[in-house]
């Protein structure tokens, strides 16, 4: 079959029609590992607050691919030479960048595969796919891991203004209905250029970039860290952790086979890297079998389990009987935390050792502008390239680089103070 | 707690902000039976073709409630007297009208609860809720079942141009990205009026109604009956039926407890009606525990089952390795069907008795204009009310009333003729 | 300067970003004759009813150009060979197709240049431009006049589903806010193909075409022939005709120089064709100097003119004190018309000879499907091409081909019967 | 006729359907002074850059009215008592707030009526309307001029987050296609509340407010102060000023009567205030007869005037042959300005005294946050009200309060340096 026969157009409510390339990209999209993303919600438990937010990693990956193709088209129009191989590899890298997401995406990241980020799992899966595809993903992997000489390809996939962010901000804004979070991806892509193998934004795109940074911040606090979403995800992970503890205590407990695989083991990044090929494949095969439904079904079983904590947490999740949450800019005083914990211990009749399942404190933060990754660079008309920090008169970047953090405490509503 | 404290605004990507009423409607929305709709996809397997179509019955029900409130507001502005009790009851009826949908909505309707339509199950559940709410749903049930004297309330909930259709056409169009299917719900609602307790459309709304009928037809063939969607749903139900057959043959098989309840039993509408209260509650409690994840998890177990047919079908579903489908306006000749069946028997090595799991034929149809339900009525400026059949010069309604049918045959791609 | 330097991206609220080609197309867009379209409203007096409808022929022409480029891209992807010269010529033809529109577009068409359609004037202007551009518009003119051998290029510019209609339906729908009139231009363009040098629609686009036909009809009655729009345009032309009559009677009257040129002369298509080059250029130069503002300013002068009829009509137009209008499916009886005329004569104290300025009757009609122009052709999967009349089971095309007409009578509100 | 008969629904592409109130508001909308706004472009010459931006002050005024009604509804729902009289007066104040705009809105503000802002003219016209309506606009005028005790009504009409800005940012964003400039008016309005007769924003609306401030800044530089727009408006005002100078020099010159009235006189705010009623009415009557078409027609006459400067500037405007512009953050050195002026004098053969018609320098600035007007106030959950300066951790408000200015120089392209 010829690649050209495989060309496909799909409907995307965000961009209208998306043309999918043929060849290996088509085959990767058809691959069951990628198809699995159809059943993984993009925004974890956010659909408990924004009912429309049931969109999936599948759509997001195709959307990011679409924007990447547009960006490459723009760059070529501006005279940046890009070979077909580089184009295909960049498209593969962005297509597969979220392959390592498990059930409910970020909400259970580092929880199901303990402490391992989704990027690491994406890389593991890409390497295994590379074997299946006889090394055809070599360049894509180099770009993904920033080992390719022309750095701007990596920046398109992962950087301050990459096509990943560009898609998820627009898409998450679209499906939640939080329209202020939308970004002008068309305009920003039109302003892209490359200088010295580095991605730059042409000067007149500076307002769009400022807007983009603000939109990210807005989406962060209004959606990703919405307090009810945080509570729902807190209960979700507490439930899972309780189940895992019971497994370690050898309590009999239903779980789907692939989920059990991860509940019975604690992986670290190191031991995944050191693992032999058989184990790696074992991990991969179990991981790619997981999707949101494993958790939702397990929760139903667990909601009638003998363990009171597990059944209570699971039941709350299913019925959406969530915890209360309080947020403030500074840490909660020990005093207050203790008072809450006492009330919970009294009312719930649980063991002191289990208090963390009911009372959690912590800190969430957002940083608009990350100092570690390369700067957003602005290309002036005269050819000069400068950091946006030097050019924008809008932001106090010293402030923007700071983590903005919020402290939270959450606990059962029925134990609310006053 | 006072109702006013319960007022809530939620974000809906289709309409922007939706204000939810307080009081009993708020309590019904919070009820676990309603919350469960968050995990039931509105359009069954359509998300296999339209990746954005992961929206749920939860959103749709709130959307239909929103439009109903707008319609009631419009009618009141035009001098139609509507009591607060009538308003609340109509809102309850539309809110709960889809409560009886099970996993993947229409795709498995009459399959899981064999031969029983979702409306019947909605009614069963509404009656049980009515007990929980001490009879406060009496009027809502009367409206839902068209036993209330002022018929237009029922027409708002279920009729040729009801708020259910108005929402689902707009919403399904929005999430699939098939923008041509959108309907001007605002304009149509603004044109509503009531004459002799019957819903009518003011004359100048006639083009919007014509457009609405066309949009429905377009969505029907382009989305609801899209041939790839039909194939996916065909495999879904074949898989389920195979599993059920194995259960009847006492083959050992995983299934979630609530799903097992229905796999082990064949209900009919009659025996549900005749059931005693305990059985009714038993049915209800099992039903309201089901959602899409039960099927998705079962499919994973079944994909590695010893039964070759079950494992093959389940595996195809998970990997999206779908069947081929052919459509034509007239039935397939026996000749052709037999040829295909022979090829399938040969290549699949299955028993003749099992051929239906792999080769299905049938007829799907759509009728733009249903002759059984009350006509769409048009109110002329001079006060006359006429059927749209008499007024519209656009359609040949004799044609529109006919069922437009298509015959299909579907079977494994690898057995495709020529 | 090289064409590539001229590439330009403009913002269009309907499609987002539009890339304009360089070269001659850029020069044509910059040409004052084309720039003039910025001051000609696309929808005549429709902005008196739909306040948003202030969009112009300038935007529409660029939008139609944009869609034409997309269509050509799609056809090329499907293997239709199109030379760069053919592409450019088709783009020029669509870009300039509305150059011959005068003030308020259709509202004053055949009124200012008496009896001459805008297409004729477009052609006249294109030929003069062709001289300025040294014959570079030869092929564009052949395509525009359907004298080029490959007929599908003409069909893209002017046919049942041309890019002109595709843009104006979407754009007029967008700016009026009549969202039901929108068409899925993306989908239809994706379904285009060429068989035997004729434009065809691939089979699965049939619903979009049906929708397109309905949208056209809806826009026709809801916007283009909206009764208040008809009244406003009726007053506009009555005012102009009265002024012209006064000019012929040598009454002293302000008018802008370019408008006077046309008020003092009655052209016919024949005498334009027979005109020598000097006269042709004279006509052209006066015509391309006209825009909406000539009429708006003249109306202000005329609103204080001594002639009672002219001042009354002009004043009504400026103040939006419009006439009443009645519509019905059959002609008004002489009886009724006479009664109205008598009342008007009495109340207005005008001469019988002038009654037509105050009482107009007539017929407007729309035909969804024109029998004169080539059929919409549907390409089946098996390669067969059939007329949509044979394929669509939706419409009664015998009906659709009929003119749907409405009879109207309009007259001053203060003379309304009963 | 009863007010209820006058209720009207109009289509607005930005908000969908807008219901207009009956009674006096309906009469004011029908009034010729208000209808005149249909022919005044909202964004001056911005349609030379953004072809879609042909929207008018008419739409904007209705849109702002619509948002004001929504805001009042929200406040009432939150228990703020608002009498029907206060509601109507606020609606009138916002409806008429832009009545004092002349041709091309801001582009010719203080130019046509020399040095007088549109707010002053709006007030003048409102007072004259108040006489026509027998004092029924008293309260509206008090609210408009901030003389009413409950200050939040004025803040809705004119303040940091008033309904005027809310509408124009959304509307200008919509029609230009600069989607990043859109604001979440729905969300912000939902967050409004009143404390101590002052408008406040509830705490969780803070991100929307930040987004609103950024959107304003983006629209400012990307649209309102777009450099090509600035050039076009510069030529527009130079042309007008040249014509006015010729009038003062008694050179014979066409101009429409109402335009002549203002060209022959130099009003100041003081002499308008001191004017007797006859003069006031004279000013008003001439002013309300002006719209964009007076300028467009005058430009055509002037483009063939004997005065070379006037004809050149007018012709450039009509043909869109604009000047070059340079922008920088600091003033241009005298040196550079002189060099440019010399080249212009040489090439244009004009008098030194006329150099300003061809070379303009100046400074434009924007301030995101105005220190003079009352702060945006944020209402915390605990009831505390604080300035956004104290609450937002995003902005450096010391910076935001500063004027951001840009220096420009513009001059004929053909005299461009190097």
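Descriptive notes on the structure:
Here the chain labels run A, B, C and D in written order, and each chain numbers its own residues starting at 1.
Note that in this section a contact is a pair of C-beta atoms (placed from the backbone, for glycine too) under 8 Å apart; a residue touches a chain by one contact, two chains touch by 3 or more.
Given the structure is predicted, the values throughout are model-derived calculations rather than measurements.
Between chain B and chain C, the least number of touching-chain steps is 1.
Relative to chain D, the chain whose mean Cα position lies farthest away is B. Separating the centre of chain C from that of chain D, both taken as means of CA atoms, is a distance of 32 Å.
Distance from the chain A centre to the chain C centre is 50 Å, each centre being the mean of its Cα atoms. Multi-chain contact residues of chain A (touching two or more other chains): 16, 178-179, 187. Across the complex, chain D is touched by residues 178-180, 182-184, 187, 207-208, 210-211, 214-215, 217-218, 221-222, 368, 393-396, 399, 404 of chain A. By the touch criterion stated above, chain C contacts chain A in their complex at residues 7, 9, 16-17, 77, 186-187, 190. Against chain B, the residues of chain A that register as touching in their complex are 10-14, 16, 30, 32, 35-36, 38-39, 41, 47-48, 50-52, 54-56, 58-59, 62, 174-179, 256-258, 289, 291-294, 296-297, 300-301, 318-320.
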